[in-house]
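Following this line, the structures themselves.
Shared between the two complexes below is chain A, which has chain B as its partner in the first and chain C in the second.
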Partner chain A sequence: MSVGSVSIRTRMANGSTFVDLRVSHPMESGQRKDKSGLVIPSWYLTNMDLYHNDKRIGALELGPLVSRNPAISVVLNGGEVDDVIKVTWIDNRDKVGEKSATLG
Partner chain B sequence: MQRRDWIKKTSASGIAALTSGTVLGDAASKYDQTVADLVGGDKITLDERVELLVPEDAANGAVVPVGVFSSVPDTVKIVLLVHDHSRAKVASLDTSNPMLAPRFSTHLQLIEATTVTALVQSKSGWFSQSARVKTLGESCEK
Partner chain C sequence: MNLNRRQLLTRTVGVSLAGLFGVQSRAFATPEAVAEAVKSFSGDSEPGSGRIKLTTPEIAENGNSVPIGVSVDSPMSDDDYVTQVVIYADGNPNPDVITFNFTPASGEATASTRMRLAKTQNVVAVAKMSDGSVFTDTRNIKVTIGGCGG
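Then we have the complex of A and B:
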(Lines of atoms letter the chains of each structure in order from A and count residues from 1; the text may use other names and numbers.)
(Lines give C-alpha, C1' and ligand atoms only; values in the text may rest on other atoms or scores of the structure.)
Protein backbone atom coordinates (compact mmCIF):
# COMPACT_ATOMS: atom_id res chain seq x y z
CA MET A 1 0.00 0.00 0.00
CA SER A 2 1.26 3.47 -0.83
CA VAL A 3 1.35 6.19 1.83
CA GLY A 4 -2.14 7.46 2.45
CA SER A 5 -4.01 4.56 0.95
CA VAL A 6 -7.03 3.62 3.01
CA SER A 7 -8.83 0.34 3.42
CA ILE A 8 -12.38 0.27 4.76
CA ARG A 9 -14.00 -2.90 6.04
CA THR A 10 -17.59 -2.81 7.21
CA ARG A 11 -19.99 -5.28 8.71
CA MET A 12 -23.58 -4.80 9.75
CA ALA A 13 -25.02 -6.49 12.80
CA ASN A 14 -27.87 -5.87 15.24
CA GLY A 15 -28.74 -2.49 13.79
CA SER A 16 -25.15 -1.21 13.94
CA THR A 17 -22.45 -0.86 11.34
CA PHE A 18 -18.92 -1.65 12.41
CA VAL A 19 -16.36 0.28 10.39
CA ASP A 20 -12.69 -0.71 10.42
CA LEU A 21 -10.34 1.78 8.81
CA ARG A 22 -6.70 1.23 8.06
CA VAL A 23 -4.52 4.00 6.69
CA SER A 24 -1.06 3.34 5.32
CA HIS A 25 0.98 6.06 6.99
CA PRO A 26 4.39 6.24 8.72
CA MET A 27 3.07 8.18 11.77
CA GLU A 28 6.54 9.49 12.55
CA SER A 29 6.58 11.39 15.82
CA GLY A 30 9.58 13.55 14.98
CA GLN A 31 11.37 12.21 18.03
CA ARG A 32 13.09 9.19 16.53
CA LYS A 33 16.55 9.23 14.99
CA ASP A 34 17.85 7.31 12.01
CA LYS A 35 21.02 5.19 11.97
CA SER A 36 23.19 8.23 11.34
CA GLY A 37 21.73 10.03 14.35
CA LEU A 38 19.60 12.49 12.40
CA VAL A 39 16.10 13.22 13.65
CA ILE A 40 13.44 11.69 11.41
CA PRO A 41 11.03 14.55 10.64
CA SER A 42 7.51 14.24 11.98
CA TRP A 43 4.91 12.95 9.56
CA TYR A 44 1.60 11.88 10.97
CA LEU A 45 -2.13 12.03 10.35
CA THR A 46 -3.78 14.93 12.13
CA ASN A 47 -7.46 14.66 11.18
CA MET A 48 -9.90 12.20 9.72
CA ASP A 49 -13.54 12.92 8.90
CA LEU A 50 -16.17 10.25 8.54
CA TYR A 51 -19.16 10.64 6.23
CA HIS A 52 -22.36 8.64 5.89
CA ASN A 53 -24.12 9.22 2.57
CA ASP A 54 -22.15 12.44 2.10
CA LYS A 55 -23.14 13.76 5.52
CA ARG A 56 -20.27 14.32 7.94
CA ILE A 57 -20.99 12.31 11.06
CA GLY A 58 -17.68 12.26 12.90
CA ALA A 59 -14.33 13.95 13.24
CA LEU A 60 -11.22 12.28 14.56
CA GLU A 61 -8.11 14.15 15.66
CA LEU A 62 -4.94 12.13 15.74
CA GLY A 63 -1.47 12.70 17.14
CA PRO A 64 1.93 11.15 16.58
CA LEU A 65 1.45 8.59 19.35
CA VAL A 66 -0.95 6.62 17.19
CA SER A 67 0.84 3.61 15.74
CA ARG A 68 2.21 3.35 12.23
CA ASN A 69 -0.40 2.40 9.62
CA PRO A 70 -3.18 3.25 12.04
CA ALA A 71 -6.14 0.94 12.38
CA ILE A 72 -9.20 2.71 13.69
CA SER A 73 -12.57 1.18 14.43
CA VAL A 74 -15.80 3.07 14.92
CA VAL A 75 -19.43 2.03 15.15
CA LEU A 76 -22.40 3.62 13.40
CA ASN A 77 -25.87 3.53 14.87
CA GLY A 78 -27.79 2.20 11.91
CA GLY A 79 -26.77 1.87 8.30
CA GLU A 80 -28.48 0.25 5.35
CA VAL A 81 -27.31 -1.79 2.42
CA ASP A 82 -25.97 0.50 -0.34
CA ASP A 83 -25.25 3.34 2.10
CA VAL A 84 -21.90 4.95 1.37
CA ILE A 85 -19.24 5.41 4.02
CA LYS A 86 -16.49 7.86 3.19
CA VAL A 87 -13.37 8.80 5.10
CA THR A 88 -11.11 11.75 4.38
CA TRP A 89 -7.73 12.45 5.98
CA ILE A 90 -5.09 15.13 6.20
CA ASP A 91 -1.61 14.91 7.71
CA ASN A 92 0.82 17.44 9.17
CA ARG A 93 2.39 17.91 5.73
CA ASP A 94 -1.00 18.91 4.33
CA LYS A 95 -1.27 15.77 2.25
CA VAL A 96 -4.87 14.66 1.88
CA GLY A 97 -6.76 11.60 0.77
CA GLU A 98 -10.13 9.91 0.84
CA LYS A 99 -11.80 6.59 0.31
CA SER A 100 -15.38 5.39 0.06
CA ALA A 101 -17.06 2.05 0.57
CA THR A 102 -20.59 0.85 0.02
CA LEU A 103 -22.35 -1.16 2.70
CA GLY A 104 -23.48 -4.51 1.52
CA MET B 1 38.47 15.24 43.58
CA GLN B 2 39.63 12.18 41.68
CA ARG B 3 38.52 11.90 38.05
CA ARG B 4 36.71 8.63 38.83
CA ASP B 5 34.80 10.20 41.74
CA TRP B 6 33.86 13.20 39.61
CA ILE B 7 32.47 10.94 36.86
CA LYS B 8 30.46 8.92 39.41
CA LYS B 9 29.07 12.04 41.02
CA THR B 10 28.10 13.84 37.80
CA SER B 11 26.63 10.68 36.25
CA ALA B 12 24.48 10.05 39.30
CA SER B 13 23.20 13.61 39.44
CA GLY B 14 22.52 13.61 35.70
CA ILE B 15 20.47 10.44 35.89
CA ALA B 16 18.59 11.77 38.90
CA ALA B 17 17.74 14.96 37.03
CA LEU B 18 16.51 13.02 34.02
CA THR B 19 14.33 10.60 35.91
CA SER B 20 12.88 12.71 38.66
CA GLY B 21 13.24 16.26 37.50
CA THR B 22 13.14 18.06 34.23
CA VAL B 23 12.04 15.40 31.74
CA LEU B 24 9.27 13.73 33.70
CA GLY B 25 8.27 17.06 35.22
CA ASP B 26 7.80 18.56 31.77
CA ALA B 27 5.77 15.56 30.61
CA ALA B 28 3.56 15.74 33.69
CA SER B 29 2.96 19.43 33.21
CA LYS B 30 2.14 18.82 29.52
CA TYR B 31 -0.56 16.39 30.62
CA ASP B 32 -1.97 18.81 33.18
CA GLN B 33 -1.88 21.66 30.68
CA THR B 34 -3.58 19.57 27.98
CA VAL B 35 -6.36 18.56 30.38
CA ALA B 36 -6.78 22.16 31.51
CA ASP B 37 -7.03 23.30 27.88
CA LEU B 38 -9.72 20.69 27.24
CA VAL B 39 -11.96 21.02 30.26
CA GLY B 40 -11.22 24.56 31.41
CA GLY B 41 -12.20 24.73 35.04
CA ASP B 42 -14.81 21.98 34.80
CA LYS B 43 -14.74 19.04 37.19
CA ILE B 44 -13.74 15.60 35.88
CA THR B 45 -15.50 12.65 37.51
CA LEU B 46 -14.06 9.15 37.53
CA ASP B 47 -16.88 7.03 36.11
CA GLU B 48 -17.29 3.35 35.34
CA ARG B 49 -19.54 4.18 32.43
CA VAL B 50 -16.33 5.07 30.64
CA GLU B 51 -14.72 1.79 29.67
CA LEU B 52 -11.06 1.91 28.75
CA LEU B 53 -9.72 -1.30 27.29
CA VAL B 54 -5.93 -1.58 27.30
CA PRO B 55 -3.66 -4.51 28.10
CA GLU B 56 -1.91 -4.46 31.46
CA ASP B 57 1.24 -5.74 29.77
CA ALA B 58 1.78 -4.90 26.11
CA ALA B 59 4.18 -7.23 24.32
CA ASN B 60 5.00 -4.60 21.69
CA GLY B 61 5.05 -0.96 22.76
CA ALA B 62 4.84 0.16 19.14
CA VAL B 63 1.39 -1.35 18.72
CA VAL B 64 -0.62 -1.19 21.93
CA PRO B 65 -4.32 -1.78 21.38
CA VAL B 66 -6.65 0.67 23.08
CA GLY B 67 -10.41 0.89 23.02
CA VAL B 68 -12.85 3.34 24.60
CA PHE B 69 -16.56 2.83 25.08
CA SER B 70 -18.80 5.39 26.74
CA SER B 71 -22.25 4.66 28.06
CA VAL B 72 -22.54 8.15 29.52
CA PRO B 73 -25.72 9.62 27.99
CA ASP B 74 -25.22 12.35 25.40
CA THR B 75 -21.52 11.74 24.95
CA VAL B 76 -20.23 14.34 22.52
CA LYS B 77 -16.49 13.76 22.62
CA ILE B 78 -13.96 11.11 23.60
CA VAL B 79 -10.34 12.10 24.17
CA LEU B 80 -7.42 9.73 24.69
CA LEU B 81 -4.47 11.00 26.70
CA VAL B 82 -1.19 9.59 27.95
CA HIS B 83 0.73 10.69 31.01
CA ASP B 84 4.52 11.03 31.24
CA HIS B 85 4.95 12.01 27.62
CA SER B 86 5.85 15.25 25.91
CA ARG B 87 2.61 15.02 23.88
CA ALA B 88 -0.30 14.15 26.08
CA LYS B 89 -3.17 14.14 23.61
CA VAL B 90 -3.23 11.01 21.49
CA ALA B 91 -6.57 11.18 19.72
CA SER B 92 -10.08 12.51 20.05
CA LEU B 93 -13.36 11.61 18.45
CA ASP B 94 -16.30 13.97 18.05
CA THR B 95 -19.39 11.84 18.64
CA SER B 96 -21.96 14.62 18.78
CA ASN B 97 -23.75 13.20 15.73
CA PRO B 98 -26.22 10.53 16.93
CA MET B 99 -25.28 8.38 13.93
CA LEU B 100 -21.87 7.73 15.48
CA ALA B 101 -21.70 5.53 18.56
CA PRO B 102 -19.52 6.83 21.42
CA ARG B 103 -16.76 4.27 21.03
CA PHE B 104 -13.60 3.75 19.06
CA SER B 105 -10.42 1.77 19.10
CA THR B 106 -6.94 2.10 17.67
CA HIS B 107 -3.29 1.29 18.48
CA LEU B 108 -0.76 3.48 20.26
CA GLN B 109 3.00 3.81 20.42
CA LEU B 110 3.76 3.97 24.14
CA ILE B 111 6.78 4.24 26.37
CA GLU B 112 7.21 1.77 29.18
CA ALA B 113 4.75 1.96 32.08
CA THR B 114 2.45 4.71 30.91
CA THR B 115 -0.95 5.68 32.22
CA VAL B 116 -3.61 6.07 29.56
CA THR B 117 -6.66 8.20 30.31
CA ALA B 118 -9.95 8.38 28.44
CA LEU B 119 -11.81 11.63 28.92
CA VAL B 120 -15.46 11.74 27.93
CA GLN B 121 -17.39 14.94 27.47
CA SER B 122 -21.14 14.79 27.74
CA LYS B 123 -23.84 17.41 28.11
CA SER B 124 -23.65 16.80 31.86
CA GLY B 125 -19.89 17.23 32.24
CA TRP B 126 -16.56 15.47 31.93
CA PHE B 127 -15.93 11.86 32.96
CA SER B 128 -12.79 9.77 32.91
CA GLN B 129 -11.20 6.40 33.31
CA SER B 130 -7.49 5.56 33.46
CA ALA B 131 -5.36 2.46 33.20
CA ARG B 132 -1.69 1.70 33.56
CA VAL B 133 0.05 -0.01 30.65
CA LYS B 134 3.43 -1.65 30.89
CA THR B 135 5.19 -2.23 27.60
CA LEU B 136 7.48 -5.22 27.43
CA GLY B 137 9.11 -4.74 24.05
CA GLU B 138 9.78 -2.16 21.37
CA SER B 139 8.43 1.31 22.01
CA CYS B 140 8.73 4.83 20.75
CA GLU B 141 11.11 7.36 22.28
CA LYS B 142 9.98 10.21 24.45
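Then we have the complex of A and C:
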Protein backbone atom coordinates (compact mmCIF):
# COMPACT_ATOMS: atom_id res chain seq x y z
CA MET A 1 0.00 0.00 0.00
CA SER A 2 1.33 3.39 -0.88
CA VAL A 3 1.43 6.27 1.56
CA GLY A 4 -2.01 7.68 2.16
CA SER A 5 -4.06 4.81 0.87
CA VAL A 6 -7.03 4.15 3.13
CA SER A 7 -8.86 0.93 3.68
CA ILE A 8 -12.40 1.19 5.02
CA ARG A 9 -14.21 -1.80 6.44
CA THR A 10 -17.80 -1.45 7.57
CA ARG A 11 -20.16 -3.72 9.44
CA MET A 12 -23.81 -3.01 10.10
CA ALA A 13 -25.43 -4.43 13.22
CA ASN A 14 -28.35 -3.46 15.48
CA GLY A 15 -29.00 -0.15 13.74
CA SER A 16 -25.40 0.97 14.03
CA THR A 17 -22.58 0.92 11.56
CA PHE A 18 -19.10 0.05 12.73
CA VAL A 19 -16.39 1.67 10.63
CA ASP A 20 -12.78 0.50 10.75
CA LEU A 21 -10.32 2.79 9.03
CA ARG A 22 -6.75 1.98 8.27
CA VAL A 23 -4.54 4.63 6.74
CA SER A 24 -1.21 3.64 5.30
CA HIS A 25 1.10 6.33 6.65
CA PRO A 26 4.58 6.31 8.23
CA MET A 27 3.52 8.61 11.14
CA GLU A 28 7.17 9.54 11.63
CA SER A 29 7.38 11.30 15.01
CA GLY A 30 10.52 13.35 14.38
CA GLN A 31 12.11 11.68 17.42
CA ARG A 32 13.82 8.83 15.64
CA LYS A 33 17.30 8.86 14.16
CA ASP A 34 18.56 6.86 11.24
CA LYS A 35 21.74 4.76 11.24
CA SER A 36 23.99 7.75 10.58
CA GLY A 37 22.49 9.64 13.52
CA LEU A 38 20.42 12.11 11.54
CA VAL A 39 16.96 12.88 12.83
CA ILE A 40 14.27 11.48 10.58
CA PRO A 41 11.96 14.42 9.87
CA SER A 42 8.45 14.22 11.23
CA TRP A 43 5.69 13.15 8.89
CA TYR A 44 2.31 12.42 10.39
CA LEU A 45 -1.39 12.85 9.77
CA THR A 46 -2.83 15.92 11.42
CA ASN A 47 -6.54 15.82 10.57
CA MET A 48 -9.09 13.35 9.35
CA ASP A 49 -12.74 14.06 8.59
CA LEU A 50 -15.45 11.46 8.35
CA TYR A 51 -18.55 11.91 6.20
CA HIS A 52 -21.75 9.92 5.95
CA ASN A 53 -23.59 10.72 2.69
CA ASP A 54 -21.65 14.01 2.42
CA LYS A 55 -22.66 15.06 5.95
CA ARG A 56 -19.68 15.56 8.23
CA ILE A 57 -20.20 13.35 11.25
CA GLY A 58 -16.86 13.42 12.97
CA ALA A 59 -13.33 14.70 12.85
CA LEU A 60 -10.01 13.59 14.25
CA GLU A 61 -6.97 15.60 15.18
CA LEU A 62 -3.94 13.35 15.26
CA GLY A 63 -0.45 13.89 16.55
CA PRO A 64 2.91 12.22 16.12
CA LEU A 65 2.10 9.87 19.00
CA VAL A 66 -0.37 7.86 16.97
CA SER A 67 1.16 4.62 15.74
CA ARG A 68 2.32 3.98 12.21
CA ASN A 69 -0.47 3.03 9.77
CA PRO A 70 -3.18 4.35 12.09
CA ALA A 71 -6.15 2.07 12.64
CA ILE A 72 -9.18 3.93 13.88
CA SER A 73 -12.60 2.53 14.71
CA VAL A 74 -15.77 4.55 15.16
CA VAL A 75 -19.48 3.79 15.37
CA LEU A 76 -22.17 5.56 13.34
CA ASN A 77 -25.88 5.84 13.94
CA GLY A 78 -28.04 4.13 11.38
CA GLY A 79 -26.66 3.47 7.97
CA GLU A 80 -28.47 1.89 5.03
CA VAL A 81 -27.21 -0.24 2.21
CA ASP A 82 -25.70 1.99 -0.52
CA ASP A 83 -24.89 4.80 1.94
CA VAL A 84 -21.50 6.32 1.27
CA ILE A 85 -18.83 6.68 3.95
CA LYS A 86 -16.07 9.09 3.02
CA VAL A 87 -12.78 9.84 4.76
CA THR A 88 -10.51 12.76 4.00
CA TRP A 89 -7.08 13.31 5.52
CA ILE A 90 -4.26 15.84 5.57
CA ASP A 91 -0.75 15.45 6.97
CA ASN A 92 1.87 17.88 8.23
CA ARG A 93 3.43 18.04 4.75
CA ASP A 94 0.09 19.27 3.39
CA LYS A 95 -0.52 16.09 1.45
CA VAL A 96 -4.21 15.29 1.24
CA GLY A 97 -6.28 12.32 0.25
CA GLU A 98 -9.72 10.82 0.44
CA LYS A 99 -11.44 7.49 0.12
CA SER A 100 -15.07 6.49 -0.11
CA ALA A 101 -16.78 3.22 0.61
CA THR A 102 -20.35 2.07 0.07
CA LEU A 103 -22.22 0.24 2.76
CA GLY A 104 -23.67 -3.10 1.94
CA MET B 1 29.71 32.26 0.39
CA ASN B 2 33.43 31.48 0.52
CA LEU B 3 34.47 29.03 3.15
CA ASN B 4 37.99 27.80 3.64
CA ARG B 5 38.60 24.33 4.91
CA ARG B 6 38.94 25.29 8.58
CA GLN B 7 35.75 27.35 8.65
CA LEU B 8 33.84 24.60 6.95
CA LEU B 9 35.06 22.07 9.49
CA THR B 10 34.16 24.17 12.54
CA ARG B 11 30.74 24.99 11.17
CA THR B 12 29.92 21.41 10.30
CA VAL B 13 31.00 20.19 13.73
CA GLY B 14 29.10 23.02 15.37
CA VAL B 15 25.91 22.16 13.57
CA SER B 16 26.14 18.46 14.32
CA LEU B 17 26.90 19.12 18.00
CA ALA B 18 23.91 21.44 18.21
CA GLY B 19 21.79 18.70 16.71
CA LEU B 20 23.11 16.18 19.18
CA PHE B 21 22.45 18.29 22.26
CA GLY B 22 19.14 19.47 20.92
CA VAL B 23 17.93 15.91 20.77
CA GLN B 24 19.40 14.88 24.09
CA SER B 25 17.87 17.73 26.00
CA ARG B 26 14.41 17.21 24.51
CA ALA B 27 11.76 17.76 27.11
CA PHE B 28 9.23 15.11 28.02
CA ALA B 29 5.73 16.01 28.99
CA THR B 30 5.06 15.95 32.71
CA PRO B 31 1.91 15.16 34.72
CA GLU B 32 1.79 18.88 35.49
CA ALA B 33 1.76 19.76 31.80
CA VAL B 34 -1.09 17.31 31.24
CA ALA B 35 -3.02 18.70 34.21
CA GLU B 36 -2.53 22.16 32.74
CA ALA B 37 -3.76 20.99 29.32
CA VAL B 38 -6.80 19.33 30.89
CA LYS B 39 -7.53 22.52 32.80
CA SER B 40 -7.38 24.72 29.74
CA PHE B 41 -9.48 22.20 27.81
CA SER B 42 -12.22 22.01 30.44
CA GLY B 43 -12.41 25.75 30.99
CA ASP B 44 -14.61 26.69 33.93
CA SER B 45 -16.13 23.29 34.64
CA GLU B 46 -14.57 20.88 37.10
CA PRO B 47 -13.71 17.53 35.46
CA GLY B 48 -15.88 14.77 36.90
CA SER B 49 -15.36 11.03 36.76
CA GLY B 50 -17.66 8.34 35.43
CA ARG B 51 -19.47 8.39 32.07
CA ILE B 52 -16.13 8.14 30.27
CA LYS B 53 -14.27 4.87 30.08
CA LEU B 54 -10.75 4.50 28.78
CA THR B 55 -9.80 0.99 27.75
CA THR B 56 -6.11 0.16 27.69
CA PRO B 57 -3.91 -2.84 28.32
CA GLU B 58 -2.30 -2.87 31.78
CA ILE B 59 1.04 -3.84 30.33
CA ALA B 60 2.12 -2.87 26.83
CA GLU B 61 4.98 -5.00 25.59
CA ASN B 62 5.54 -2.88 22.51
CA GLY B 63 5.32 0.84 23.11
CA ASN B 64 5.12 1.47 19.38
CA SER B 65 1.59 0.23 19.10
CA VAL B 66 -0.60 0.34 22.17
CA PRO B 67 -4.31 -0.17 21.52
CA ILE B 68 -6.50 2.33 23.32
CA GLY B 69 -10.24 2.70 23.25
CA VAL B 70 -12.48 5.35 24.70
CA SER B 71 -16.20 5.31 25.15
CA VAL B 72 -18.48 7.92 26.67
CA ASP B 73 -21.94 7.23 28.07
CA SER B 74 -24.17 9.72 26.23
CA PRO B 75 -27.50 9.58 24.36
CA MET B 76 -25.86 11.45 21.41
CA SER B 77 -29.08 13.32 20.70
CA ASP B 78 -29.20 16.77 19.14
CA ASP B 79 -29.24 18.57 22.49
CA ASP B 80 -27.11 16.19 24.55
CA TYR B 81 -24.01 14.81 22.95
CA VAL B 82 -20.27 14.54 23.32
CA THR B 83 -18.41 17.22 21.41
CA GLN B 84 -14.81 16.26 21.97
CA VAL B 85 -12.68 13.56 23.49
CA VAL B 86 -8.98 14.29 23.91
CA ILE B 87 -6.30 11.76 24.86
CA TYR B 88 -3.18 12.93 26.67
CA ALA B 89 -0.07 11.00 27.70
CA ASP B 90 2.08 12.42 30.49
CA GLY B 91 5.40 10.72 29.78
CA ASN B 92 5.78 11.22 26.07
CA PRO B 93 7.77 13.96 24.30
CA ASN B 94 4.46 15.65 23.51
CA PRO B 95 1.32 15.24 25.62
CA ASP B 96 -1.28 15.54 22.85
CA VAL B 97 -2.10 12.19 21.32
CA ILE B 98 -5.40 12.44 19.49
CA THR B 99 -8.64 14.40 19.52
CA PHE B 100 -11.95 12.87 18.52
CA ASN B 101 -14.59 15.40 17.48
CA PHE B 102 -18.11 14.00 17.56
CA THR B 103 -21.45 15.24 16.29
CA PRO B 104 -24.97 14.00 17.11
CA ALA B 105 -24.73 11.95 13.91
CA SER B 106 -21.77 10.03 15.28
CA GLY B 107 -24.05 7.44 16.85
CA GLU B 108 -21.99 6.36 19.80
CA ALA B 109 -19.19 8.34 21.36
CA THR B 110 -16.89 5.39 20.98
CA ALA B 111 -13.58 5.28 19.22
CA SER B 112 -10.36 3.36 19.30
CA THR B 113 -6.91 3.60 17.81
CA ARG B 114 -3.31 2.70 18.54
CA MET B 115 -0.71 5.02 20.03
CA ARG B 116 2.97 5.19 20.92
CA LEU B 117 4.19 5.26 24.51
CA ALA B 118 7.79 6.19 25.28
CA LYS B 119 7.77 4.71 28.80
CA THR B 120 5.49 3.62 31.61
CA GLN B 121 3.06 6.46 32.16
CA ASN B 122 -0.48 7.64 32.67
CA VAL B 123 -2.85 8.10 29.77
CA VAL B 124 -5.66 10.59 30.37
CA ALA B 125 -8.89 10.81 28.41
CA VAL B 126 -11.05 13.91 28.75
CA ALA B 127 -14.54 14.24 27.28
CA LYS B 128 -16.43 17.47 26.83
CA MET B 129 -20.23 17.35 26.61
CA SER B 130 -22.42 19.72 24.62
CA ASP B 131 -23.58 21.33 27.89
CA GLY B 132 -19.98 22.14 28.82
CA SER B 133 -19.49 19.51 31.52
CA VAL B 134 -16.24 17.59 31.44
CA PHE B 135 -15.43 14.02 32.42
CA THR B 136 -12.06 12.39 32.70
CA ASP B 137 -10.53 8.96 33.14
CA THR B 138 -6.91 7.97 33.73
CA ARG B 139 -5.14 4.68 33.19
CA ASN B 140 -1.58 3.74 34.03
CA ILE B 141 0.12 1.66 31.37
CA LYS B 142 3.34 -0.22 32.02
CA VAL B 143 5.54 -0.20 28.96
CA THR B 144 8.17 -2.89 28.45
CA ILE B 145 9.85 -1.44 25.34
CA GLY B 146 9.42 2.26 24.70
CA GLY B 147 8.14 3.33 21.36
CA CYS B 148 9.24 6.81 20.43
CA GLY B 149 12.55 5.91 18.88
CA GLY B 150 15.62 7.38 20.19
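Here, the second predicted complex is superposed on the first by the 104 of 104 C-alpha atoms of A that agree within 3 Å, B and C clash if a C-alpha of one lies under 4 Å from a C-alpha of the other, contacts with A are read in each partner's own complex, and residues count from 1 in each chain.
Basically, a contact is a pair of C-beta atoms (placed from the backbone, for glycine too) under 8 Å apart; a residue touches a chain by one contact, two chains touch by 3 or more.
Computed from a predicted structure; not experimentally measured.
Asks: Should chain B and chain C be called a clash or a fit once both complexes are overlaid on chain A?
Replies: clash
Asks: For A:12, select first, second, both or neither according to whether it touches chain B, chain C, the two together, or no partner.
Replies: In the superposition, A:12 contacts neither chain B nor chain C.
Asks: Have a look at where A:90 lands relative to chain B and chain C in the superposition and call it first, second, both or neither.
Replies: After superposing on A, A:90 lies clear of both chain B and chain C.
Asks: Quick check for you: in the superposed arrangement, does A:29 touch first (chain B), second (chain C), both or neither?
Replies: The answer is both, since A:29 touches chain B and chain C.
Asks: In the superposed arrangement, does A:77 touch chain B (first), chain C (second), both or neither?
Replies: A:77: touches chain B and chain C.
Asks: In the overlaid three-chain picture, which partner chain does A:63 touch, first (chain B) or second (chain C), both, or neither?
Replies: both
Asks: Taking the superposition as given, does A:39 touch the first partner, chain B, the second, chain C, both, or neither?
Replies: Touch status of A:39: second partner only.
Asks: Taking the contacts chain A makes with chain B in one complex and with chain C in the other, which residues are shared?
Replies: Touching chain B and chain C on chain A: residues 16, 29, 31-32, 52, 55-68, 70-78.
Asks: Residues of chain C touching chain A in their complex?
Replies: The contact residues of chain C facing chain A are 19-20, 23, 26, 64-66, 69, 76, 89, 92-94, 96-103, 105-108, 110-116, 147-150.
Asks: Over in the complex, which chain A residues touch chain B? Could you list them?
Replies: Checking each residue of chain A against chain B gives 16, 27, 29, 31-32, 50, 52, 55-68, 70-78.
Asks: Residues of chain B touching chain A in their complex?
Replies: Interface residues on chain B, with respect to chain A: 62-64, 67, 82, 85-87, 89-95, 97-101, 103-110, 140-142.
Asks: Inside the complex, what are the residues of chain A that reach chain C?
Replies: Interface residues on chain A, with respect to chain C: 16-17, 29, 31-33, 37-40, 52, 55-68, 70-78.
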